[in-house]
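Take a look at the following structure, please.
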Amino acid sequence: MTELLGHYNYWIVIILMMTGFYIVIARPNLVKKVIGLFIFQTSVFILFISMAKIEGGTAPIIEEGLSVYSNPLPHVLILTAIVVSLATTALGLALVVRIQEAYGTSNEDDIHVQDEED
Amino acid sequence: MEHLIDIVLLGLLMITGFAIVRMKSLLAVAMLTSIYSLLSASLFVVLDAVDVALTEAAIGAGISTILMLATVALTRDEEKAPRHTPLLPLAVVTVTGAALIYGTLDMPHYGDPAAPVHQHAASAYLHDTPGEIGVPNVVTSVLASYRGYDTLGEVTVIFTAGAGVLALLGYRTRRRNIQGPGIRKLVVLRVIAKLFFPLILLFALYVLFHGDYGPGGGFQAGVIFATGFILYALAFGLGNAQRVIHHPLLRIMAAVGVLIYAAVGIEGILLGGKFLEYGVLADDPVTGQHLGIMLIELGVGITVAAVMLIIYYGFVSRQD
Amino acid sequence: MFIAVSAVLLVAIALGLVRAFRGPTLYDRVMAANMIGTLTVLMVAVLGFMAERPEFLDIALVYVLISFVSTIAVLRVYASRVSMQGSDRK
Amino acid sequence: MMQPLLDVLSWICLLGGAIFLLIGAIGVLRFPDFYTRLHAVSVCDTLGAGLVLVGLIFQGGLSLVTVKLLLIFYFMIFTGPTAVHALAQAALQSKLKPLVDDHEPR
């Protein structure tokens, strides 16, 4: 079981990452691009947390009678990263809202067309 | 057995990801993103990251979904088909993915206790925390004490993002409550909101001050606190919510939180220690650590709650 | 026994996901998301007992509150959007 | 003496809850229109979730864990129906027609 599972988590995470990446580069809608970025971010979080897991370990909150804990360091990095990712996502969405107000569309192709007309 | 749950959850996440790519309606995509967050949060619980799961639950399923919906409400719902064929992006994605998968082959196996990442700093944190910091939750001790600089930086980033959203979207105070057509008879919702609003705020305080002993801390508490006010705004209208907690007050609070954090650091210098050294704050170093951690968690909580509400007000007050 | 319950929960989440993909209306999707929220709460609680550290129920508590608020938010935001389109047509 | 009895009770509750959750989920998938599906969701939200939580309470014994489980239960019995009520109302207002059997004579 362990041999087969060896890298399973990492591979799925990479597939998820590429899903988000594909949305960002292939889809013209700006809101969808931000959502693609969100998926990409979440997959990075899962990658870090997968690395922190130790076989047979438990959550890193110290208690009598337990000796194996998962690695707390990636947890700390990701905990703050989640909140920061929300803040940056909000900033991106705010930009989308302003673009929508300026151009009347949130479609990248249409925005390019309007820019060329000017 | 945990492996099986892990595999199934990852599989569901993958299916959801593909569905998000294919779905055209952006509102549906936003709903799927919320489900995606819920699933990844359960995955974090399986992987023993309870603090991270708490954060992802509070943020991914709650505020970020609300923001995406608010943005979709301000733009068009339907996504147009791309003008170019997606062959080039597909090729780029496939090549990048293959390269990354090739890279994972050298990585230590999943769950391997001998992996390099577990050897140096992490084992020292786990070993030293009970003696040096005296709090059971190692994540809190690393977050607030060992890597306090980092966290100060993150809080500043959040503050800056809040300022950025404020600069982009501004804010409008609503004198009159425009009664949205939405759920027209809000009686049930209002009763429940009145019942839950104080409980949510109380629970946020519990998460804030219980963060030393269980999952929780300033980041999560701030988000839960903001969610309480969002519930209030949903039930009683944005105008009333803005009368309860003024926008200028929010802007001040966002700065106050960061300043509390920095002040604790400078207090350490004044008392003869280094920046963000909590040991000197009290006679006993462990008590000093407790005090320092509690104060900076409070600062983090205030900033996060204020920024989340600034962002929410910014997006929702545009919908006129 | 906990394993049986969590297996059932996973199956139920998968069924809810199918409903979320199929739609057909937005309300079906919101409903599916709401149900998956409930199931996730139970999942987290059961997982806590399975790992023999049930004191982490705080996470489940947060889920209950947050999934409720986001369901209500979806309905409010969506309804305001529909009414905006209606006023455009006039 | 009490422990085996509590265990048996807790397993019965957990299994019962799991069965109701499954039934609810199948209902959400199989029922023909939105309003009928709401019924299925309510089964999950109240009976299924309630039984699972009661089963866990039997496992938890008299401790802080039980208090938290009771709190979750308390929140759930209020949020579930409120959310479903709001959903049904929003759907009705957006003129989503319930599916009715036209073949029946009125």
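Labels A, B, C and D are assigned to the chains in the order they are written; within every chain, residues are numbered from 1.
Simple rule for what comes next: contacts are C-beta pairs under 8 Å (C-beta built on N, C-alpha and C of every residue); 3 or more make two chains touch, one makes a residue touch a chain.
What you see is a predicted model; the values in this text were computed from it and never measured.
*Asks:* Most C-beta contact pairs, which chains?
*Replies:* Going pair by pair, the biggest contact count turns up for A-B.
*Asks:* Can you give the whole-Å distance between the Cα centres of subunit B and subunit C?
*Replies:* Result: the chain centres lie 18 Å from each other.
*Asks:* What whole-Å value do you get for the distance between subunit C and subunit D if each is reduced to the mean of its CA atoms?
*Replies:* Whole-Å distance between the two chain centres: 12.
*Asks:* Among the residues of subunit D, which ones contact at least 2 other chains?
*Replies:* 75, 79, 82, 86, 90, 93
*Asks:* Which subunit C residues reach two or more other chains?
*Replies:* Subunit C, residues with two or more chain partners: 13, 30, 32, 51, 55-56, 58, 61, 65, 67-68, 72, 75, 78-79, 82.
*Asks:* Show the residues in subunit A shared as contacts by 2 or more other chains, in ascending order.
*Replies:* Touching at least two other chains: 58-59, 61, 63.
*Asks:* Give every touching pair of chains, nothing left out.
*Replies:* Applying the touch criterion to every chain pair yields A-B, A-C, B-C, B-D, C-D.
*Asks:* Note which residues of subunit D are touching subunit C in the complex, please.
*Replies:* The contact residues of subunit D facing subunit C are 11, 14-15, 17-19, 21-22, 24-26, 28-29, 34, 37-38, 41, 44-45, 49, 52-53, 56, 59-60, 64-65, 68-69, 71-72, 75-76, 79-80, 82-84, 86-87, 90-91, 93-94, 96.
*Asks:* Residues of subunit B touching subunit A in their complex?
*Replies:* Those in contact with subunit A are residues 3, 6-7, 10-11, 13-14, 17-18, 20-21, 26, 29-30, 33, 36-37, 40, 43-44, 47-52, 55-56, 59-60, 63-64, 67-68, 70-72, 74-76, 79-80, 82-83, 86, 89-90, 92-94, 96-97, 100-101, 104-105, 107, 109-113, 115, 117-118, 121-122, 125-126, 129-130, 136-139, 142-143, 147, 150-151, 154, 157-158, 161-162, 164-165, 168-169, 213-215, 217, 219, 223, 304, 307-308, 311, 314-315, 318.
*Asks:* Could you please specify the touching residues of subunit C with respect to subunit B in the complex?
*Replies:* Those residues of subunit C that touch subunit B are 3, 6, 10, 13-14, 17, 20-21, 23, 26, 29-30, 32-33, 36-37, 40, 43-44, 47-48, 50-51, 55-56, 58-59, 61-63, 65-70, 72-84.
*Asks:* Subunit D touches which residues of subunit B in the complex?
*Replies:* The touching residues are 181-185, 188-189, 192, 195-196.
*Asks:* With touch defined as at the start, can you tell me which subunit C residues reach subunit A in the complex?
*Replies:* Result: residues 51, 53, 56 of subunit C touch subunit A.
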